[in-house]
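Going in written order, the chains are labelled A, B and C, and every chain counts its residues from 1.
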Amino acid sequence: MSGILSSSIGRKFAMAISALFLMIFLLQHFAINILSVFSPDTFNEVSHFMGTFWVIQYALQPVLIFGVVFHFVMGFVLEIKNTKARQIKYAVNNGGANSSWMSRNMIWSGLAILAFVVLHFIDFWIPEINIKYIQGDMSGMHNGEFRYFHELVEKFHSPLRVGAYCLAFVFLALHLLHGFESAFQSVGANNKYTKGLKNFSKIYAIGIPAGFIFIALFHHLNQVL
Amino acid sequence: MALDSKIPQGPLADKWTKHKNDINLVNPANKRLIDVIVVGTGLAGGSAAATLAELGYNVKAFCFQDSPRRAHSIAAQGGINAAKNYQGDGDSTYRLFYDTVKGGDYRSREANVYRLAEVSANIIDQCVAQGVPFARDYGGLLDNRSFGGVLVSRTFYAKGQTGQQLLLGAYSAMNRQIGRGKIKMYNRHEMLDVVIVDGKARGIIARNLVTGEIERHSAHAVVLGTGGYGNVFFLSTNAMGSNVTAAWRAHKRGAYFANPCYTQIHPTCIPVSGDHQSKLTLMSESLRNDGRIWVPKHKKDVEAIRSGKLKPTQLAEEDRDYYLERRYPAFGNLVPRDVASRAAKERCDAGFGVNATGEAVYLDFAAAIIRYGKEKAHVKGLNENDDSLVKELGKEVVKAKYGNLFQMYEKIVDENPYETPMMIFPAVHYTMGGIWVDYNLQTTIPGLYAIGEANFSDHGSNRLGASALMQGLADGYFVLPYTIGDYLSEDIRTGAISTDSPEFEEAEKNAVENINHLINNKGTKSVDSFHRRLGKIMWNKCGMSRNEKELKEAIEEISALRKEFYKDVLVPGTADEFNEQLAKAGRVADFLELGELFAKDALLREESAGGHFREEHQTPEGEAKRRKEFQFVSAWEYKGEPKDALLHKEALVYENIEVKERSYK
Amino acid sequence: MNLTLKIWRQKNANDKGKMVDYQISDVSPDMSFLEMLDVLNNQLIEKGDSPVAFDHDCREGICGMCSLYINGEAHGPDRRVTTCQLHMRMFKDGDTIHIEPFRAKAFPIIKDLVVDRSAFDRVQHAGGFISVNTSGNTQDANSIPISKHAADKAMDAATCIGCGACVASCKNSSAMLFVSAKVSQYALLPQGQVEATDRVLNMVQQMDDEGFGNCTNTGACEVECPKGISLENIARMNREYLSASFKG
């Protein structure tokens, strides 16, 4: 593994694989969150299952954290290497003539997402860990009912937070618009299905973040209207 | 010194095989003790360097470009001939030999040409094994096209980039040897002199074009694959850097220069657009497979077209003069290059040229587009009478065949050749003349070899299309590596050649003095301005048709221009830096000498043969008229000024082919 | 037309270099870009200034020598052309044109606009060939039929002229398009199969050692490539490389 990571293609393959993994996670996360719109009860049940099932908690969660950290760290490593590959910049560079804004600014959309992930950890994940593993309350209950749905809705009360949340997902969409398609190229996918895959990646890149934004706005508007 | 061409005895078809069996070999262990310098990395030099290194010699290769891959062979478009007879149309080694000798207007050396035809098939095998992506048909087999001056399809091609693909093949073979350390590559180096020790070529003086450093390099033999000298005309299809310097400096050291006046003017080039023009762009001869060449029949239409009142597409069929089809019904648009060029000049001189300068004819694909479109419609089961559909389909076919050439034309001229005929005019393209070599490709200096366009031997006074690639690779892959062994077999005990000898000292001093003279001259006129003036003299007086009076004028004018150059040239910068002007000044200085010898040779040759057309010697129909008494190679020995060059003649003997009036009617 | 040129001048590899302004008048739209620079240089020479050094040779778009970064794009604003084929009709009277060398750490500047692209050669030395010696006895060229489709694709990849526009345009100075074109050409042909594993591993290793950046699939290289070499080749090389790596 370390051998392959020392080559440029190996690193880009690793970026692609971690990205594809994170996108599967994101889809799964979305599928659960959207339940909160249709059925708070189902959302609570599934959240409780995810939050307490040992395979998820002790096997998948560390893998996910590793995936997130790996993708970010590798992203920074590549950015530093790539900057070093051109020491004197062009006086005039018309990047827009040959490539998309998204593809040229993955580091910035990535940083915006990182900022969001930090916020998200503080908002959801750290309190979860605190309740479950420090206070030892694995019941998932609060005042006699599942706490998950309430916690979710509460977070979407502040318009500032909802605004930041929506903005972060715009960045995610921009990141995915290049990233998803790029991951296929990096793993060497190139056949008659490529075009279909590219279209699918665009739908995903816009659809999933839009869905998250919808959930946020839905709960926010339900509270303020 | 009498010229000995060293042609082996025996029947023509057996000469090469027998010769290979007779000559001395160098054993593998001894090859490691022998160094060979190869100057130039085009098809000839590149293939020779790679093959010599594969054999085990220590090769040092030099090119003035930043990489061997950029040698001008890369620009050859159309294809490479080989007597494979894959099309089953009656081709054979003999027929390729016959076509080449006839195409060269019976001014090439029979034995060399036969050997060329003989090894041609091996070239294709070798290149395919190297991964050269030649065009293939749907059955997966190699495709062929037809070229001027022949009646079979024997030309292999890779789109319109055959030269590129073959050169990259040779370059890849070189890369393998560079990686192994068997070739030491010197990019951005220019050879300035060849060093002769005890009568043998033992090294070169080279200038590092980046640092300006003058370097000595020794070897047991030196091979020149340095291309042709078409840039003596300033405007030509050659690359800007193509030059005669290496060949000319070798000439000054004793290598005879043969047939300098044999120049190929290629009929299908993009016309000159203005005084700023720095080079001319070729449109592949393969276009003549499908394009029809014409000018208007009537002067009034010519006027209307020039003034923009009439579009060529508006001119009715009966008002067009398809002059090649008219004059040469058997070969039509596929006559050899010299014939097609002269015919274009004849029409333009008569006032039928179709652009503002009066120096252009049309190359029209309208008929081909319709023909292919109908074919395609038929295959697809569509309506063959639907004109716009047929046109669309036809354009697709033409695009697949010549797309890159059409695109190139459009970028340069800003006209769409799918909609309106292309304008073309002849331009200097190739030089058949070059350093005199014997059958072993050795020059008159022992140990100095010349291969590819740099030598003179295979194309006579006119080269057929797709033969230059063939010759370059034949020399480099299949001829020189054998024949040089015969010479080197005497050097197995010589040991490394020292560069500290007085001969190296003298040659280096000479090179440095030349450079210092140019740098310190501080005249008033740029190098380019002299080059342009030389080109004008050459084109006007030594170009497509020549006569005694103008040739004599040319000799005087060039000689005067050369004096002026040494007095008034301005070379900016210093000698110890990257200085393109300095490099160019050295090259132009040599062109100024070669140009005069060129004119002298053309003056001597009182006949018309191939690309050399003397107005005094033509048939009543205006075709070239050869003269039996000029059936020889003129090889010039350097004696100081070009006017003092001493003529040596190598008689050309044709035992296997009947010398006939060349007819393409 | 009259133009303002802003050109990168740098005396030699160690000089710092800077952009310098030049005025040029009476430029014909039929001139090629390099012919316009010829005119400028002639003016400079006759004024006693040092002419602008730039690489060029064939001037018909095939040798790959010319290498200018014009107004922020490799080979300028036109598509599918090299600098030598770019014509002045692409510009308007009064325009300001920025001319810079191809920039990358792996392409050190020699002088002005001339860069050293020998890194490309070294990548080719590492495996850009099929190991077959010259002999008169290779098998007949038609003994292995190659499908037209594969032959055409190999040809498309082989069209690369090695100019370096891909590296110059890439925000990461990655050489993936160049390297993948050669890897693809051989990967598509039966002759190239025997050495396929070593070839891709060695060439990529050399590419990395030369200091080119990592590909992030922006696609700028494909757009700016004068020969239209496709990104498909990069995907193919990724595939070849990964399968070669796992083979070990």
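Keep this in mind: contacts are C-beta pairs under 8 Å (C-beta built on N, C-alpha and C of every residue); 3 or more make two chains touch, one makes a residue touch a chain.
What you see is a predicted model; the values in this text were computed from it and never measured.
Taking the mean of each chain's C-alpha atoms as its centre, the chain lying closest to the overall protein C-alpha centroid is C.
The chain with its Cα centroid farthest from the Cα centroid of subunit C is A. If each chain is reduced to the centroid of its CA atoms, subunit B and subunit C end up 26 Å from each other.
Per-chain CA centroids place subunit A at a distance of 37 Å from subunit C. Spacing of subunit A relative to subunit B, judged by their CA centroids, is 62 angstrom. Against subunit C, in their complex, subunit A makes its touches with residues 3-4, 7-13, 78, 81-82, 84-95, 97-100, 103-104, 106, 178, 181-182, 185-190. Against subunit C, the residues of subunit B that register as touching in their complex are 47, 50-51, 54, 65-70, 72, 74-75, 84, 86, 119, 122, 124-131, 133-142, 158-159, 161, 164-165, 168, 171-173, 175-176, 178-179, 185, 187, 210, 237, 239-241, 273-274, 276-279, 281-282, 407-408, 411-412, 414, 477-478, 481, 524-526, 528-529, 570, 572-573, 577-578, 580-581.
Residue ranges on subunit C touching subunit B, taken from their complex, read 11-12, 28, 30-32, 34-36, 38-39, 42, 44-46, 48-51, 53, 55-65, 78, 80-81, 85, 87, 89, 110-111, 114, 116-118, 120-121, 124-136, 138-142, 144-148, 151-152, 154-155, 158-159, 161-162, 185-186, 189, 191-192. Looking at the complex, you find that subunit C touches subunit A at residues 6, 8, 17, 19, 69, 71-73, 77, 98, 100, 103-106, 169, 171-174, 176, 204-205, 207-208, 211-220, 223-224, 231-232, 234-242, 245.
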